[in-house]
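You will see two complexes here that share subunit A, one where it goes with subunit B and one where it goes with subunit C.
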Partner chain A sequence: MSRHSPTRRSPLLAIYAALVFAFIYLPLAVLILYSFNRDGVGGFPPLHLTLDWYRQLFADEPIWDSVLNSLLVAGGAVALSLTLGLLAALALDRASFPGKALFRRLVLLPLILPGIITGLSLLMLVVLSGLHLSLLTVLLGHGTALISVATTELFAGLQKTDRAQEEASLDLGATPWQTFWRITLPNLKLSLVAAGLLIFTLSMDEIAVTFFLIGRDNTLPLEIWGRLRRGITPEINAVSTLIFAVSVALIVIWYRIRMRSIGAEAKQLLQRP
Partner chain B sequence: MSSAAIPQAPLAGADAPLLEVRAVAKRFGAREVLKNISVNIAAGEFLTLLGESGSGKTTLLRLIAGFEEPTTGEIWMSSERLDTLPPHQRRVNTVFQNYALFPHLSVRDNVAYGLRVQGAPKKEIPSRVNEALAMVKMTEFAGARPSLLSGGQQQRVALARALVNRPQLLLLDEPLSALDANLRKQMQGELKALQREIGITFLFVTHDQEEAMALSDRIALVRDGALEQVASPREIYARPATAYTAQFIGQTNLLRGEIQRSIATCGVLRWPVEEPDGPVLFSLRPETIRLCADGKRQTHEVKFRGVVRQQIYGGSSELLEVDSGDGQLLRVRLPACGPLAGELDFVFSIADAIRVLD
Partner chain C sequence: MYSRAYKTIVSAPPLLWVGLFLLLPYALMFAHSFWAVEDGVLVHHWNLDNYEKLLTNPLYAEVLFRTLRIAGSVMLCSLLLGYPLAYYLSFHSGGRKELLYQLVIVPLWVSYLVRGYAWKTILGSEGVLNGFLQYAHITHEPVSFLLYSPFAVILMLTHIYTPFVFLPIYASLEHIPRPLVEASHDLGANSFSTFFRVILPLSMPGLLAGATFAFVLSLGDFLAPLLVGGSSGTMIANIVQTLFGAVYDWPLGAAISVSILLLTLSLLFFTQRLEKRWSFK
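On to the complex of A and B.
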């Protein structure tokens, strides 16, 4: 194949593309750069690079408490929404019952509801039920609000699975329960991981719902938000850089898992005449 | 329900059938897929359900496996009611059309699956898995993932996986249809040999009449959800009960005519019969018609003069299309004989004209 494309592209297009990418990534680059800048946010151009802000960050206990809180909430939200989402997806995929279309829309509704509405209504529910606002209420809020994400991902996964495999399992003497654990769930592994990562990320940076349901313990986004009201510090830049790095790592892991499964499918395709 | 319909337990005995399908019907909504099917399968038999796609043969298989419930009727196996049991409690195993191997398990674990979920003794599992893999000559692939195997290899694994449970009845849903022609022929031979060797009853579904003829002890021809005829391959070919059977299995000439005073008349062809008067339909296989070189016929034969319209060379045989003079084209299969042309005399034996239902 020729390395030159047959049609010459306008240089304007290249400039336009560069501008778009700059618009998306320049702020990120600035954020990362300033986290290493000795003179803080105000000092431009950054002349002296330093790890001081990271040292300060690692000694900052409230930040780490909030990171831990966020991890707890996100982990719990993943477990809760995957469990309930899987049940909803199974119902949508396999069962036929009156009001199924309505059920489907109701399950998917939180995807498009503004966070403020979800947060406010959950707050009213919590108050009515007499619960104290705490990390648990945040966890329940995230978990229920993200069921729709889990349901969509897992439903798509179930639609792709070959039902004959479950029939083969039953045929070989496995009970429906054994079939679920040994065949259905392993087939859904990829969808479960993908949905889990997505929900984890969404929960980690959720603000609107959290804002209504938070008690005394802050999550990381709320901690950052609270500090920003006292001015931007390079320490915030440092923590944001770390979040960015973790997010990229998660995406790479997810991508690798996905490529491995696609690789197997591609091999299978090549085998066929 | 009338008192006559009280279910009766069949007598247990050596000659009791392994599987009894009793007046089974299946409807999906308004669509009647199976209509009042009754058929018995003897232990050790190779029975084939033969039919066009959409005839309901796979549905019958799924009813026996337990993936569908009959709308009416009952299925019994070894003198026990089968159709009320869930699939995992039936001593029936299935080889699926696209094999349905578990992609996340190795070949060995696929085969061991049935033993593991049924809680077979741990010590027994490896030897039974190896035995099953050896039976289908797949021992060397035990560690491979199914996705890395060819179609024929996957088919063998599916067979081993179903046989390792030692079912009383093995259901095979068009297991060879995904294979190319040469491999299919080879697998047919192996399948038949395997069935003889292990003595398990096979219920085989196919739309390929040659495959059905080659493999089966008996063929059950399914048409539009009903059984057209159940008979051995030889009998169903030599004595088809209906015009549909005669045309579906092999090639035939259908002769439409009339019987009057014990003489059947089909166009220019006339011969004596011992049947009552009325309209009639005969099936006459192309290979039962011969050239009559000397122009003489025996008393039990029918002679006619025909013009060869077309001749198709088929290696060991020739297929002629012969115009018998009344506009009807008769197909005639002769041993390879070189080019023929013009008007020739043909004969067939009266006994080879089989009366069939429309």
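On to the complex of A and C.
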């Protein structure tokens, strides 16, 4: 029986899996290592290690301006998509309206379609409306495209909450407004934070849509993109390493929140008679 | 239980917003594809010329064909990397399963640009790989065909999409009831036929979803070709980008975009139906 047990050893497969992991992580390791390389982004071996590129990076004002721009856009996109996504999730969960099935699909399109199509379509709207390309158009683009993520996450959250609490609140005389603020929203707290973090990360990293909606002020990915065309130094490795570190930190936070929400659900299930 | 006013308040803003900022833009894209440019000015003169150009000019067919080849290769490579990895994690990783799973997920969150840039510094003629090859005396001249080629695009996109492909495959492998696998062994099937007759068919929905991800996401990519593809790695979305930029022929660019859009949607529709047929519930 032990020969057939599903966890029996198979060294070849284990080696193959290790190679796939190497393929996934090697480029990132190289990127980080060369951010400390005195002699540039290439060459081998990297003999002289230095922190100069990080020093140069911290003194590089355009980069930090673009970081600030990215933070502004991401913050705005989170607020916009969470607000609309919350309403959309409530509507999908509780209201019936003509075109509901179409709406559900339409919201998801920016996730499915190549970014270039969504970006160019929004560019056409901007041109039609006579707006100027700026960080605001980028924010509108991100916020709109990411409603998909907010709606999906919050709809899933709503499906798991206990509708009886809202019924009780309304029966006991609370107005729908009070019920929303004191029951619905607190119940969705973890979903809101998880969705917000996900949207924030996606917005900070977005290029394809941003590419067509950007005005004079760059976001961080577009600032880096512009520099790639001019000759590259390990300063870009350094900023990439920092982005990597921040992304990993955000995942850990997101993961913890996820775990807590699963834990909270389990507790709720146990407490139910 | 919810009043009419409540329902209106929650559904009206998202409906209006999505109508104005998603439906209208996509409709504009569609409309542009039937318009024309005359003397450098966009005219709202309805016609089918743009689509005719796409069908008759061999340049577009050539680039589209290359794009499909690249997207197909990315799909195949990420399946070849992602499936065995998912299989290993699901069936053979024992107690390290959770940790290894997290290790596959982490790169999903790492910036697209960061990962693309990493390959650029590795593959370049003065890059890390060439430095290593010369250091180890494997070559004496820098190998220049690595960067700026369809190969580099396939490599970069495979690197990016392997974790994407892994996810749905892993999920479907995890859903296979283990007694089925044990029953297959107990009834005398060896590992090989258990895999091909039990595990692979049951994981088909995940495999299809992963394959579609990789194919569709590669199909419309224009950044990887710009970053590592060079002129021989140009893809269809790069043509769109030039038509909207330097060339200024929005209607033709819109016609290509609409074609990509329709191709993407029909692929998704098709695989969704296949997935339904393959799922065993």
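Quick note on the criterion: the second predicted complex is superposed on the first by the 253 of 273 C-alpha atoms of A that agree within 3 Å, B and C clash if a C-alpha of one lies under 4 Å from a C-alpha of the other, contacts with A are read in each partner's own complex, and residues count from 1 in each chain.
As a working rule, a contact is a pair of C-beta atoms (placed from the backbone, for glycine too) under 8 Å apart; a residue touches a chain by one contact, two chains touch by 3 or more.
Computed from a prediction, not measured in an experiment: that's the story for all the values here.
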Which of subunit B and subunit C A:Ile253 touches, first, second, both or neither: neither
Which superposed partner A:Leu170 touches (first subunit B, second subunit C, both, neither): both
Which superposed partner A:Ala22 touches (first subunit B, second subunit C, both, neither): neither
First, second, both or neither for A:Trp225, with subunit B first and subunit C second: second
Partner chain(s) touched by A:Ala59 [first = subunit B, second = subunit C, both, neither]: neither
More subunit A residues in contact [subunit B versus subunit C]: C
First (subunit B), second (subunit C), both or neither touched by A:Leu111: neither
Partner chain in contact with A:Pro186 - subunit B first, subunit C second, else both or neither: first
Partner chain(s) touched by A:Gln178 [first = subunit B, second = subunit C, both, neither]: first
On subunit A, positions contacted by subunit B and by subunit C: 167, 170, 176
Residue ranges of subunit B touching subunit A (in the complex, touch as defined): 65-67, 86-89, 92-94, 96-98, 100-104, 113-114, 117-118, 145, 147-151, 161-162, 165, 180
Complex contact set, residues of subunit A against subunit C: 4, 6-10, 13-14, 16-17, 20-21, 23-25, 27-28, 30-31, 34, 40-45, 84-85, 87-88, 90-91, 94-95, 97, 99, 103, 106-107, 109-110, 112-118, 120-125, 128, 140, 144, 147, 151, 166-167, 170, 176, 201, 204-205, 207-208, 211-212, 221, 224-225, 228, 232, 236-237, 240, 243-244, 247-248, 250-251, 255
Partner subunit B, residues of subunit A touching it in the complex: 162, 164-165, 167-176, 178, 182-183, 186-187, 189, 264-265, 267-268, 271-273
Subunit A contact footprint on subunit C (complex, rising order): 1-3, 5-11, 13-15, 17-18, 21-26, 28-29, 32, 81-82, 84-85, 87-89, 91-94, 100, 102-107, 109-115, 117-122, 124, 126-128, 130-132, 134-135, 159, 162-163, 178, 181-182, 185-186, 216-217, 219-223, 227, 237, 240-241, 244, 250, 253-254, 257, 260-261, 264-265, 268
